[in-house]
Structures are given as structure tokens and as C-alpha cells.
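The data blocks that follow each hold one structure.
Look for chain A in each of the two complexes below; its partner is chain B in the first and chain C in the second.
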Partner chain A sequence: MTTTIPRHASADDPRVLLDEEIGVFEPVPPYPPRTEREAEFYTLRDGEMFLNMGPQHPSTHGVLRIVLKLDGERVVDLDPVLGYLHRGVEKLCENADYHQTICYTDPLEYVSALFNEWAPCLAFEKLMDVEVPPRAEYIRVLSSELLRIASHALFMGWMALDLGGLTPILWSFIERDEIVDMLSALTGARMLFNYFRIGGVNGDLNHEFMSRLGDWMSRATEQHAANIGLLNENEIFVRRMRGLGTLDTATAIRMCMTGPNLRATGLPFDIRRAHPYSVYPELEFDIPTRTEGDCLARYLLRVDEIKQSLRIIDQCLHQMPDGPVMAKLPRLLRPRPGRAYGAVEGPRGQYAVYAVSDGTDQPFRFRIHDPSFIHLQAVGTLMPGNLVADAMAVMASLDPIMGGVDK
Partner chain B sequence: MTAVSRAWGRLTLPGKVVFTIVPLLVLLTIALVVAIGLFGTLVVDILIANIGIVRFVVAVTIILLLSPPIAFVIIYMEMKIIALMNLRLGPDRVGPWGTLLSTVHGLKVLMKEDFTPTGADAVVFTWAPVVVFASTIMAVLVIPFAPGLFGQDMNIALLYFFAVGGLTIVGLLMAGWSSFNKYSLLGGLRSAAQIVSYEIPLTLSVVGLLILAGTMSLNQLVELQGPHLDAATGQMTGAWFTDWFVFRQPLGFLIFFIAATAEGNRTPFDLTEADSEIVAGFGTEYSGMRFGFFYFAEYINVFVLSALTVVLFLGGWNAPFDINGIFAWLNSVQSVVTFPTAFAWDVNPAAVGLPLLFIVALAPVLATLILGAPFYLLRSSTKWWHAILIGFVLFNVLVVGLLLVWAYVNFEWAAGLFWFLGKTFAFVYLFVWLRGTLPRVRIDQLMGFAWKWLLPASLLNLFVTAAAVLVIGG
Partner chain C sequence: MDRALRRRLEARFSDALTGPVRQRHDETEIRIGPGSVSEVLRALHDEPELSFQMLLDLTAVDTGTQMQVVYHLWSPASGDWLRVIADGLSRDDPRVPSVVALWPGAEWQEREAYDMFGVTFEGNRDLRRIYMPPDYTSFPLRKDFFLADDAARSPGAGVQHMERTEAPVGAPKEALVRRTNA
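Take a look at the complex of A and B:
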């Protein structure tokens, strides 16, 4: 079947029909449609137009490109185009030895890098039957819960920025900066830490980290209250978010969504409780849920999670045992052939790694399950029918990080 | 010389035009002054015979010259205040406390390349910023800054203001349509929908006030809110802030302020340039001085709308209290201190005689030394010439301050300008504060708010006022 798409003209003005000659970009692929869906999408009905949003756009959270089909200001349909940040991390990891893998997975979800290190560590430790010392486990929990707070704080700021509020993002960055400075005292880096190792962590807690942490913990609750006070009571913010982009539990499960986006629909599924790992069974914390499933619920759920993370950090500091922070391991790791699956609860949801070993010093297969990519599917069902402004709010509320989406 | 020619070469066409016109205007003014000096009464007679035209030309010149500085001040205020709200430092490099940064931005846009994108309608694209800027500038013409300090006193000034202010949409639509960019198109259409909707409550909210005042001249409106002869009682009334229209038309004031925020495209109604949705709206494709015109127009618009709010509802140039009345009352209840109730500082320099020379010659030096001395004596790290410099600056500040106080006391317009600008910039601060705090509303919420709430409320205000005037009789 040969179908030709009629080239879209922006206006009835005959000069404007010279699109191709004057080189004006229309977001139509330069090839004939490969699927029926593509043919349908790139055919405009009366009164519709394409709007190419991204890859450079102030609020696409990185380099996501969405081709929106608009009717006035209302989104009729959309076509997300991924891959602008694709680096082939899985393949890179399959060509690196087990230790090197961790620094490749680090920049995937770059605002919460420790979780990206944790999942492969977990998988490899299962593969090699390594016993991680308890102190190392507590340090892992402590540092990654700190990073969860930083990531959620940043989400709150971005959410407000995408709705036009200038101030919250800068307040969030202050909070994130404090946490990241603290972690840099512990790990030596502010963003891509490369701190977790197979069988433990890279270094023990030090004095600067502990003093910064104590200083921050003494005012974290008030600071958090001040930050959310900017937005939670704001009539404009709440009115724009309530009832927008509603997901129900069944749809969310069908889309494999996890994390806050799933919990906002009412299902208390959290890997830390459902499939416990590390020392989470020894720690007390609640799994906050909300039933509305809209953007406001997703936002408020993260606010609640910050409080729970503060609780976990507090317990970690009280229960931290003495001992080594690294298991005794050979320098070159050659696990016996087999496969292992390690999943952690990241700030965005289930972050998992599936590793297959063939007995050499490199993983035979290294598969990354990234929550951002999974959650980005939802824009296809949530955006159509909303206005352009709300489309951006919906995307922000799902909190995707393009580094993880494109891998 | 090469430096000058190089800088000139880097200017774009609008820059060259601006830098040619401004010295020409200054030269023209100097020529006028010289002509009056040389030919005296003849020139003055000719000017007085055509006072309307002269007034118009002078007013337009002054407005054109003063509007960029006003915009610079507001831009600096916005940068600094929002920075402080964001817990940042804000501008602090160019000039003292970064005060010159907005000026440097203004010069920068003059030197930037302004290109016309492929496919744009070049003529419309070029003229759009001019239309926006001109319509904003034209609105300044009727604003009474102080007694006797206004461009034109029209009896339909308010109508003129709304008419000219409405022209802004034409420019924004031109910009949005001609840019050949869909973000611009959305921004232009949003602005058209928004401004057309908010013009209605904006205009209706002041009708109640007009019924009360019985005039549309902004000058008379301000005078009605200050000390004036009450027609009914035949006595002087209204020296206090209680006579301001905001207390008689609170609902009208609220509607007017909200509608003015939307009219000026300010947060939370800044949908036309919502950067998280449509990049920069109608201004997406603009650069250089064309963008600068939009930018200036936006900030002058903020000033103009604040000024109009002050003129209509907050007494314009009138002081909020009657200082002479307070002093007279104090004198009547106590006899310890006698406050002057009428200022008349008629200092005759000739009567002072030779000591005047002494004062003029020695006072600056002495004052500089005396003011600088504490800094030298109390801080060992201060160098002596630093102390002298500090002393000199303090002396100048003192002199300027005294001059301002003297002007305030002796000239009605100086006092009026003080209160007018004080109130206006308080409103500018309010606009900036809103921008630092609030997120943006959605387009349907925006329109719903205008048609479902503001319009009925302004109609209610109008009917209640009219009924009250009918029943009570003004």
C-alpha cells in the first residue's frame, strides 16, 4: 500500500506553501509512514496543527521531543520522539567488568545517582553470593534516602516552575545543594557519586559528613515545611493540579508503573516493603498513599515521602552498627554462570537491573529497567484532551529524567 | 576615536537611530534655551501663543527621554527583589549594588543583531514592537505626576487611556502572526483573547468611580481626592487619605487592580510569554532592539498601570495626611514647641553679606573633613583619602537630601511628585511581589475568571454605585 501524506501547509497564504524551499521545519518525518498509527497521526484534519515541542524546550526536562497535534490550544494527539540522549549504556556495561559497570549506570537518572549504583550492586551481589557488612548496608540506606529527599525536593521545584512559579525551584535547589554538599563530603562527588561497590561502599562515614548531616537534620523539618508552605496552600497551584491527569490503579499497573506515581492511585506498592532488600525490614516507616491519582496527589505523595525519608535517616543514625564497610572480595570478579535480578525503590519507582553472567569477568547481558521510561508512556493517555499548559504539568508530575529514559 | 567608531560600527540600525535622535533632542533643547536668551520676549511670545503645541512637544520629548530610565529602575527592582525572594543575591557587579545592570542590558540589546526569521512577514514583524512601544508611551501622556506636571489635560483622559492601551494587542497580534512560529502564534492569540476580555472589567470597574466624580479628566479626579472646595458645603475638605476613592469604591479598586495585572501581562496572568509552555510567546523570534522594545514596553506598562491605579484610587499626588493641620492641632493643645504651619523660607542671599562667600567657599571642605573624620578615626584600616572620599560622598548626599527637603517644602510639584512616585512604586513592588510568588493560571481559568467573576462583580459595583448616587444624591 502506498500512501502519501499531504504536506501540511501552515496557512492559506501561497507564499507559506513554499515550506520546503525556504527550509521551514515541520515536524513530519521525511519518510513515508511506516505504520498506520504514524499515517493517522501525521495527517491533519481541519483546524489542527502540529507543534514541535523540544528537544530544546524550557520544560521538557532534558531532551524529550514531543510532536503535539493541537486543535487550538487543546492537545488532540501526541507523538513522543525519544533517543536524543541515547548512549547505549546497556551495551557499554556488557563490555565492562563488574566493577566498571557501576560508573556507567551512574548518570542514568542523574538527580538520584546512588539508586542507579545500588541496583547493579544488588544484582551482582546475588550473582556472587556476597555478604554485605551491616554497616555498609546502613550507610547505603542513609545516603540514598538523603538523595531521595534531594530528588523529591527538586521535583517539587520543577513542578512549580512548569506551572510558572519562579521561587520554589530556587528554594528546592538550596535544599538539594545542602544534601549534595553533604554527600560530596562522603563520596567525593556532587552528582555522579560512584560510591557503592559490589560488597559494600567505597568509604566509611567521615567527620565532615556527620557534622553537616547533624546540622541539616536539626532544621530539615522546618525547612521542608517552609518549602511546601510556598505551594501547598496556593490556590492557583492547587486548582491547576487537582483533577488533572487522573490515573486509576488498573491503568497504572497495566503500564507497569511503580513508585510514587502508582502509590498516588491508591496501591501501597513499595519495593522496600514488597520485596525487602538491604536493612529496610529493620527500619520503621510508612508507605504513604493517596487515592485520587491526579497531579496533585502525585505531588503531595512526594511531600509525604520526604517526611518518611527523614524518619528513616533518623533511625539509621541511631542503629548504625560498627564494623567494616566492604566485604572481602577478589580483585577480579568472575561469578559462576547464572542470572540475577536486583531491584531498588528509587525516588521515581522501581529501578531494576537484570544481569546474566557467563562465567567471564564481564556481564553477558545487562538489562536496565528504568522507571522514567515506563512512566513516560502515560503521557500518551494523560495529555490528549488537556491544554498545552496542562500537558507540561502532566509531564512534570510524572517526574521523568531523560537520562534514564534514553539510557 | 577608533574606540568610538568601533562601538558605532557594532551598533545595529535601531541603535544608530536611537543614538542619533537622543543628541538631536538635547541639541534642540539647548538651541531653544539659547534662542530665548538671545531673542527674549519674541521667542517666548511665539511659544506662549502656541502653548498647546509646545506643551505637547515638550511632554513627548520628556516622556521619550524618561521612559527608558523608568524601565531600567523597574527592571532592576524586579531583578533584585525577586532575587531576594528566591534567596539569591541578584545583580551586584555592575555599578553600586548592581544598579547599572539593567542599563547595560539596555545598551546590550542595541548592539545585538536583530534578524528576521525565514518565512516571517518582514514589514509586520519590524513594526510590531514599534506599535507596542508607541501605544504604551502614548498612555503616559495623560498621567498627572504632580500639580502642573502632566503631558496633556484632556477631559476624556480616561477614555483616551483605555483606547491607547488597547492598541497594545494590535502590536502583540502583529508580532505573533508575523513571526512564522507556532509558539509566537499561540502567544499572540492568547494575548489578544486575554486583553480583549480584561479590557471590559477594567473599563467597567472605573465607571462607578466616574459616576461619583462626574469627570473623566485625570487631573480633576486627583484634585477631587485632595484638598478641594466642596460644592455642597462650600468648605475646604479632603486633606486626609480617607477621601481617596479606594475607600468609596473598594470593589472597583480590587477589580481594577486584578484586571490591570492581566492587562499588563504580569504574573499570574502572564500567559502570553509563559516560558514553560510556549517558550517566549510572541517574543520567541525577536532579538536585539526589537526585543528590547517589547521589554521596555512591558515595564513601562507596569509603571503606567500602577500610576493609573494610584491616580484613580489612591489620591494621585496628594499626601495621605494633612501635615499642616497636624501641626496646627499640636500647637493648639500644647505650648512647649511651636510647629511652623506654613513654610516660607525666603532667604535673601544679599542680606547675608560677606559671610555667604565664606560659607560657600569653606562649607564643603569643612563638611567633607568633619563627615569623613569618624571613618578615619574609628577604623584603623581606612586610608586618609578613603575617609575624605567618604566624607565628600556623604556631604553630597546631605546636600542633595537638603535640596530635596527644600524642594518638597517650597514647591507643590516636588511634594506631589514625591507622593505620586512613592505610591506608584509601591504598586510596582506589588506587581513584582506577585511575580515572585504566584504560579500561572491556565487559559480557561483566566477567561472564566474574567467573564464569570470580574465582569459580574464590576457590573454589581456599577449598579450599586448608581443606585446609591440616585438614593443619597451624590
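Take a look at the complex of A and C:
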């Protein structure tokens, strides 16, 4: 016995028949509001309208959907809808053994994967009281600072792209490609490295990596200066960014922000100094801050951070001790019951893992704290009052990565 | 790690603490009941000798027998990390006061904890699901939510539907859920 399915003409091509009717995408949800705030948001006042942006939009940095409430061309309010990239990494990690969790955390923020690996390693090393050999710590710092530069370089390109400039992103990718090629010589992968291990790193430095790094370091400063000249001296860019999306320190702290977005408001909070881990106490570097707290400050701060990262890499190469790169550990890890919190300073802010052990070979609770999630939330306080086009610039300046937001 | 912090905390919150102040590595940990969350966190945030002004993380933990809500704070004055565990929430109806008044940035973290564990944060105006679809009915990070392969390994009736939060039919009630007294 067969059932007949009603067929509907497609809106794009009426000759094509579809099983379901495809209507116009309606930004208002088809269910009654669940909370007070949702009810308030989905009530239009006179002259207001909804604009649905996403889930796939070139300037949403991933699969993000934002419902904008507009009055003319000004944003009045917005409601980000998350979860399009939700993979349940926390649950997967709670059902994996300690070593396996590291490759699950890799694709969270895919442009800075090493920091995602570092936070669980730090937390597990605390749980197990493992001492990491100094050479491994230096390799960790060296490789992750390289990746910080790559991530910041990409940020500059994306930011210009969201403002409508196409050239800088091409230059950013050139800069980033050199670094990820270098890291692929070290780790074997260009993006999802799976390089850090509990108690050390997967392999020692090799000749190809070192020669590429030496070559790159010899011209990195010059190349960096040339790249930022493209935007720093661009009057349109500077005038559009200045005074846009201004945030003060008190609000940034109350919004739980960390990283460059907090430092751009004037507070020198950097976990590498505020709560040191690894070998950062032995390295000399400054924490750049700016006081304006606007989009331009957030951009310029990242420019300064690249210079500091270059300084750190230089010192790592000079101070790198010899020795093993892995602590001696059993294959199957069963830490004693306990709790540990490991946090590292990533290119976007605090990456942290809260791990609870119950004495078995799997973490009992594995909480991932991601800075993008926190910063995307601040979009709700920064966007209202701006034009739609500037709203995207504000979002780009906060640098959220949807892979990390949605976990 | 600050030994003085421990004495300060013990003196200030002697009546709110439900366990000893613990210190391990660079972390200090206190346990309080869900009733004293607002009062203790406000004191930690406001009082100048404590001044834990930054909320680094907010999450929930399902220990298999009860729910916990865990706050990680950082004090710019002393550079200390403090973990506050609100302990002893019932798994049937976990309720805890919201801290959105102190940190508006906690709103989404509370929404996430609600989405994943079903913890109700009283006072959060926007407590709806954040990752899972709005018509979703279960709480995925609870310990009685099984992944498909776990359910297949269980002595119950094979693979269960992902969204089921009950134990499979015929499965022993206790053994399946991992519990910890952490």
C-alpha cells in the first residue's frame, strides 16, 4: 500500500516539485515565547521590523543566526540563535579516556587549536601531579605563540572583510599559511594538530620546522609591518572603527570578558602574567593595553600582541633546554578523585577546562570554557544603536569563532 | 597559593560553609549550600579584602546523586583563584539563585547549564535552551543520559533512543549511572 505525498512547487524553479512546502523564512519562532525576555524581544513596537541574518552569512564567522530588531537602519535589539555547530564535545569527552579527550577539543576553535589542547592538558596534569619536562614546555610555548600570530593575522583579514575590504584577507592567509605549514612540519597537520600530550608534546623539534622557522623569523617583523600598513594607514578603515562599539573596563569585567577585548579597555589582565603557567614566568614580554575600548583599540591591541609573540618566540629559541619532551606516564591514566581547573591565555581570551575525576580512566566531568561564547554575548550590549553594517564590524572586532561558541 | 586566604574565608563565611576550605595546587575551594549563593558571592565580589570581581567560569556538575553549580572566581587584588561549589541541589528540581545581577555575562553560562543539566537559575530573565532545539525535552550532560553506544553495552534492551533519560527497561537502576563523591 502506498501513501501519496503532496508535492509543492519550489520557489526557485516552479517545475521542480518538493515533498514539503518551502515558505519564506520567518524570523519569529513558531512556538509561544519561553521567557520574559523572549516575549519582550519578539514584540514589535511601532516602526520596528525583524531581519533574520544567517545561519549562513559571510560575516557571521561560522554558522550563527542572529535575529536583528531594526528601526530603520539602526539595530534596536538582537537575539543570537546558537547551536548550529553543537557537537556535544563535553559529553563525548566524558565518555572518552583521558588521552582521547585532547583530539576532541582540537576542533573547538579551529584557528587556534593548540590552545584548546593546552587547557585540558594543564587540567589533567594538575589532577595527576605530572611534572612536564622544561623542553616540552618551551616547545608548547613556541608552537602556541606561533599560532597566536596566525590567529591574530587572520583576525585582521576577517575584520577588514566584514567592513567590505577584500584584499587584507588574502594577505592574512599568506601570513597564516607560512605559519601553519611550519607547524605541519612539526605536528603533521595544518589545522587540527593533536600535538600536545598529557605530560608533554608528541614529538621533538625537527630540522624542517627549525629551518622554516629561522627563515620566517628573519623577515617576520618586516612582513608584519608591511601587512598592518595595509589597514593602519587606511583612512576609511580607521575612521569607521574609531569610537565604534566602545566598552569600558567595568562593563567588560561584568560581562566576564577576558583576553584582548578586556585589555583593549585598559585592564592588563593576561593569564600568562596574572596566573602564570608553563614557562611564562621565565620569559620577558609586555602586556599591551589600550584605554579607548573601541573597535580600533581591539584591532591595534592585536597588532601589538603579535610583536610581543615574536619576542617570546625569539627568547624560546635562545633559552630552549635539551632533554626529554614527554614525562614518564602509564598508558592508562587513572587519576585520584579530585578536581582541577586549567586555564590558558589564548588569542581570544581565557580557554579553560574544569575536570572532575572519579578515579576511573574517563573524566567524570569535563567542562570547556570558551572565550568566544562569552564575547559573542557582549554583542548584545554593543550592537544596539549602530547601523546594520557597523554591527557586523563590532562583531568582527570581538573575534568570535563559532566552533568554540557552539562546542 | 595563599594560606592567608584560607583563614580569611574561614573567618568570614564560617556559618555559610558546608565543608572545609580546601587548597590544592593553585586553587582554593569552598562549599556552600544553594541557599547562601547570592549572599556569599555578593560578599566575595564586593568586600575589598576579598574582591573576587572576575567570574571566570560558571558550570554545573551532575554527581549522579545530586547537582552542583560551580563558580570559578579570580581576584585582581591577590591574584587568587577561588572555586565556589554550591552543593546539594536535588536532581529532580535543582534550583539556585542567579548571579546575573552581579555579572550580566553569566546569563549565557546559566542558560547553558540549564540546557545541559536542567538547573533552574532563579532570577535569570532569559532561561531558555541555548544549544539544543526548543522542543528538546532532556538534559544531555546528566549522568543518566546515555550515548547510543553506552546504551548498546548496557544490560537493558539494546540501543535506546538518544533522548531517553530513563534507564533502559530491565537495567539495574544503580549500576549504570557513574557516581562520584567528589
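By our rule, the second predicted complex is superposed on the first by the 385 of 407 C-alpha atoms of A that agree within 3 Å, B and C clash if a C-alpha of one lies under 4 Å from a C-alpha of the other, contacts with A are read in each partner's own complex, and residues count from 1 in each chain.
Everything below uses one rule, namely that a contact is a pair of C-beta atoms (placed from the backbone, for glycine too) under 8 Å apart; a residue touches a chain by one contact, two chains touch by 3 or more.
Everything numeric in this text was worked out from a predicted model, so none of it was measured.
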Let's test your reading of the overlay: on chain A, do chain B and chain C clash or fit side by side? fit
On the A-aligned overlay, A:G165 touches which partner chain: chain B = first, chain C = second, or both, or neither? first
Have a look and say if chain B or chain C is in touch with more residues of chain A. C
With the two complexes superposed on chain A, say which partner A:A225 touches: chain B (first), chain C (second), both, or neither. neither
In the superposed arrangement, which partner chain does A:I236 touch: chain B (first), chain C (second), both, or neither? first
Per the contact definition in the header, classify A:M191: touching chain B only (first), chain C only (second), both, or neither. neither
May I ask you to decide whether A:E73 touches chain B, chain C, both, or neither, giving the answer as first, second, both or neither? first
Return first, second, both or neither, reflecting whether A:C256 touches chain B, chain C, both chains, or no partner chain. second
When the two complexes are placed on top of each other via chain A, what is the minimal CA separation of chain B and chain C in Å? 25
Please identify the positions on chain A that touch both chain B and chain C, taking each partner from its own complex. none
Under the stated contact criterion, what part of chain C meets chain A in this complex? 24-27, 29, 53-57, 59, 61-62, 70, 72, 74, 76, 79, 81, 83, 102-109, 112, 116, 125-135, 140-141, 145, 147, 150, 178-182
Give the list of chain A residues in touch with chain C in this complex. 29, 31, 34-38, 82-83, 86, 88, 90-92, 94-95, 126, 253-258, 267, 269, 274-275, 337-341, 343, 350, 352, 354, 356-360, 364-365, 367, 369, 373-374, 377-378, 381, 406-407
So in the complex, the part of chain A that touches chain B is made up of which residues? 10, 16, 22-24, 49-52, 57-59, 73, 160-167, 170-171, 174, 230-231, 234, 236-237, 239-240, 387-390, 392
Which stretch or stretches of chain B touch chain A in the complex? 82, 85-88, 118-119, 180, 182-183, 186, 190, 267-268, 270-271, 274-279, 435-445
